[in-house]
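So the structure is just underneath, and the comments pick up after that.
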């Protein structure tokens, strides 16, 4: 695993510091969400601990006009896109299936069914190309997702239609309890050539390496040269979700080497060495992250329970059939306390 | 495209001649089946004209104890396995969904849904490995099939479980009206490495090249070293099926170069050059093929219409529910002419 | 006023939709140069270009999956699934996304999935399926099955122009059925059944290919002095319960007919609904006719599997003789 | 005689099946070392080895596809689909092959597909689906849904030992439901419904997770002096019509309840069948209770979506007050 590259991709000091700030802020939010789950405020939480460099670096490499098509583990990316984390947690609190407007943030809803979002990203990118737009699409998925048929079909379509899409695999080594070697005998990055476009494997814990790879892929897509696959090698430091118990399947010895590659500690070391930040700044960022986490908690715990009628019936159809509206009326009537 | 290899893979004179005989016999049967369809004796016919070398060579490279998992175009392979062609045509006459006993010929039923047979072959091969058996499985599919999710999922499983399976792609350049370049921007053979096993591209119109490649893959599988992918490059000289009209989409100029590579003519030339056959033998084989085709026609046109009750209800369940048996009785009663 | 086949009416509807809205895209397997295995998209790629009418690789899940992405980008995808039996690989995309994505995102998904369906064409396995019940049971989808050229045109235009996903089942055995089509024609709304033939003795409720069969039965019944009312559902979801129940309240007898196996078929929903809403008016149990509860048989036997006018007339006698 | 949870009864059934027949294989996502996300396969890999109990890559279509191949080779695959909502990617393999391969080949396909199904567990999207109607409508499949530990054990043993493919729906919200299980126990046949509670006024027909709900309603009704008969279908396909109709002919009132949306749900088949076969005996229309006709809602609202004892009792009052 290479050390943090010195190439800073022409990022300004502020931008370099901002990468660090974002990693710290999303990690702190991740930790707070886990606390909230343990305190019964959330039904479920899926940590992304250890994957902050990939999530922050990928978004930093995009333009705001580009689109992101996530799986369910890209909470950090969503935060980087400006979606309010406390509101987003409404999803894991069981209040709504869609806590944000995808158009406003150019960030599609979470996709729970593994790999099913990949063809969506390709279709969306095909649409961008048909329009002659400059928008590119970042499609994110895990290592396990590469085993699904949808993943393959979408990769092949992207190659045939030269769709402006970046396939970013967050290879965190595990799919719940299944390690990568049982997920595939091959290589994820190398599969790209079978579809007629480039694939690269990068150090997913090196935020600058991620920025560089995603930017290269984005430029390529914007030029009209089609898709790229990036296998971002990282590690799931936490459980699969709060419902999971990794001690049942994960060799404890596996963690130490990855702790040594912690994306935030590594990058902090580099920033220090480059004299880009001082301790005071680091401390200020830590406090900022704490404050953001507290704000997230406050927002979540004060989220109103949306009205049942609208929540259940309001978005099923844009042109709801009369029979459907009647069912909604009956449902809402049934909620009123009997006189 | 290389010339016919001189390597004869240690085949005896008889075996070398038999490869030729089989190609001639199945081509003649293919032609006769097309005639039968045009004469209204068959509902549908899918020619394999031009693909004889791949079909004959692949079966010749197997042991009789090995299994074959076909798509719908492997009629020639089925003949090479000893299944009576006239009886098999009952499938295309609409008399039965399964004209032969798969266990007797170690040849599974035709698979109409593209690529769905590929995971079957992998599961079957996984079973062979679990038993510690020496059997290997030949799984056959077309170029279009490689775009389906099932194909990918099965390839990946085969790699992970080191299944003793040979994936043989009959790349005949077309999927109905879609040419290979619109089917994928990548390479079929190269995809194998993404799954952790070897892939090769061979001249599918060179029967000896096919024998060599399939035998190498079979040996590898038998040794316990797992799967292989063979992309057999050939050409669909006919229509997709009798329901298709290739003049609507296929550039006429495409055919001439492939006619020049006709697998039978090429091999005949080589056999002559090697003094393995003389004209008398070639003439005798042609007559043999005519006779076989006539026998096939006779068998088909005399196939009895199976009893409806057994045909419709007889094989749905091995342990039919009482309600199902009652439905069968009612059905059979409804067939009797009212008194 | 002109006479066209049902297939040509669909081609015309696609052509007019492509002409009226540049966001409309037509794609699928072999729909481009070939014009589709049934020639329904014949000439469209030539006239509207390869960007708007195009062939895809052989992968149904992706065909539907990219439709979701294209719709989210603002297009109106009209993907074709080549045959009923090949919609199954796309089932997850349809059930988990096409049906639910609006509910999740608040965005409109104007996707119309065209599916030639049904048997009676002498085909090999997987080419004669009637999977409509799977989709009618899936909340979030609209499911349509026209029976006439005019409805095929009108309902397809409505489906494509509408904001919600529609599974559009085309009765492939009736592609050559002729009928009147006057253009321009008023839009045909989804969810409104049609009295295909007024009658008084028994209501025969059908959709898609079986409507014609029911009309043939009605004609023969007439000869015997029995007046059948044929109700063409047109749309399964939403289901026009009012029209169906009104007809049954008039005739007091109902027969529901489709090609799909009876067990768990869409006829069960119709029969259950009639039995409930017209409980006090029914003079005999609702009869369900359909395919046998077996996999679709080899071509030589499909006539024994599918309902026909004889079986409908038999059912008419039974229901009228009841009690 | 011992008291076990429904989940543990299933684990025991798998354990005994693995022990009795070395052709039995258990596999799926996370069923090995982890023992399944619900711990149903806990300890099985340790005791029977990685050849017979193993994890697969993340691909449901292949999980079912290899099951077909393994069955053809002579094994008895018992694949697990991790959650109801993830069976959809395997739909083509199930409908086009698992259901039809015997009919095509003459070979037996002893495959038992285990699927934890249903809601009420406070989960995110796609984890609370009730897709049983899709499979019950698919000829060639047997569809089972136990409601008690004893039935979970007995029906699973029967399914695994039998020669035909079975979709085995496990009521995941009831994995911790306790009940008696005496081993060895006589085999529980498929297609035989069970009178979970005898009664006289109204027949409440349910399966899987809703049987317990129906029993709770029956207990409360008793307090009001109304006697409900609860029929546990156990198997949807084949459906034990005789037991259902006999019950309704006794009570003259029927309520069918399941979690799936009512429209086109399996309750339609049951209601249509009752309305037909008990036509002359029904004193009120058959009432169907089920989920709302919408995608499964966010967890906070699922109690409003799912039928419960209150809604059953309401329906009881309505049906008894009818006319």
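Residue numbering begins at 1 within each chain, and the chains themselves are lettered A, B, C and D in the order written.
We adopt the following convention: a contact is a pair of C-beta atoms (placed from the backbone, for glycine too) under 8 Å apart; a residue touches a chain by one contact, two chains touch by 3 or more.
Since the structure is predicted, the reported quantities are computational estimates derived from the model, not experimental observations.
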Centroid-based (C-alpha) most distant chain relative to chain B: A
Pair exhibiting more inter-chain C-beta contacts, A-D or B-D: B-D
Chain A and chain D: spacing of chain centres that average the CA atoms, whole Å: 36
Distance from the mean Cα position of chain D to that of chain C, given in whole angstrom: 30
Centroid distance [mean C-alpha coordinates] between chain C and chain A, Å: 40
Where chain B touches two or more other chains, by residue: 97, 113, 147-150, 153, 156, 160, 182-184, 316, 324
Residue numbers of chain C (touch at least two other chains): 57, 59, 61-62, 85, 88-89, 92, 96, 100, 103-104, 125-126, 139-140, 239, 292-295
Residues of chain A defined as touching chain D within the complex: 43-44, 72, 91-97, 112-115, 144-145, 147-150, 175-178, 182-184, 243-244, 248-249, 305, 308, 311-313, 316, 324, 327, 331, 335
Touching residues (chain side chain C, partner chain D) in the complex: 61, 85, 88-89, 91-92, 95-96, 99-100, 103-104, 125-126, 133-134, 136-137, 139-140, 237, 239, 260-261, 263-269, 271-272, 275-277, 279-280, 282, 284-288, 292-295, 323
Touching residues on chain A, where the partner in the complex is chain C: 69, 97-98, 101-103, 108-109, 113, 116, 118-128, 130-131, 149-150, 153-154, 156-157, 160, 315-319, 321-324
Chain B partner contacts - residues on chain D that touch it in the complex: 25, 51, 56-57, 59, 61-62, 64-75, 77, 89, 92-93, 96-97, 100-108, 139-140, 142, 162-164, 190-191, 238-239, 241
For the chain D and chain A complex, residues of the former touching the latter: 29-30, 32-35, 37, 55, 57-59, 61-62, 85-86, 88-89, 122-127, 292-295, 297-301, 304-305
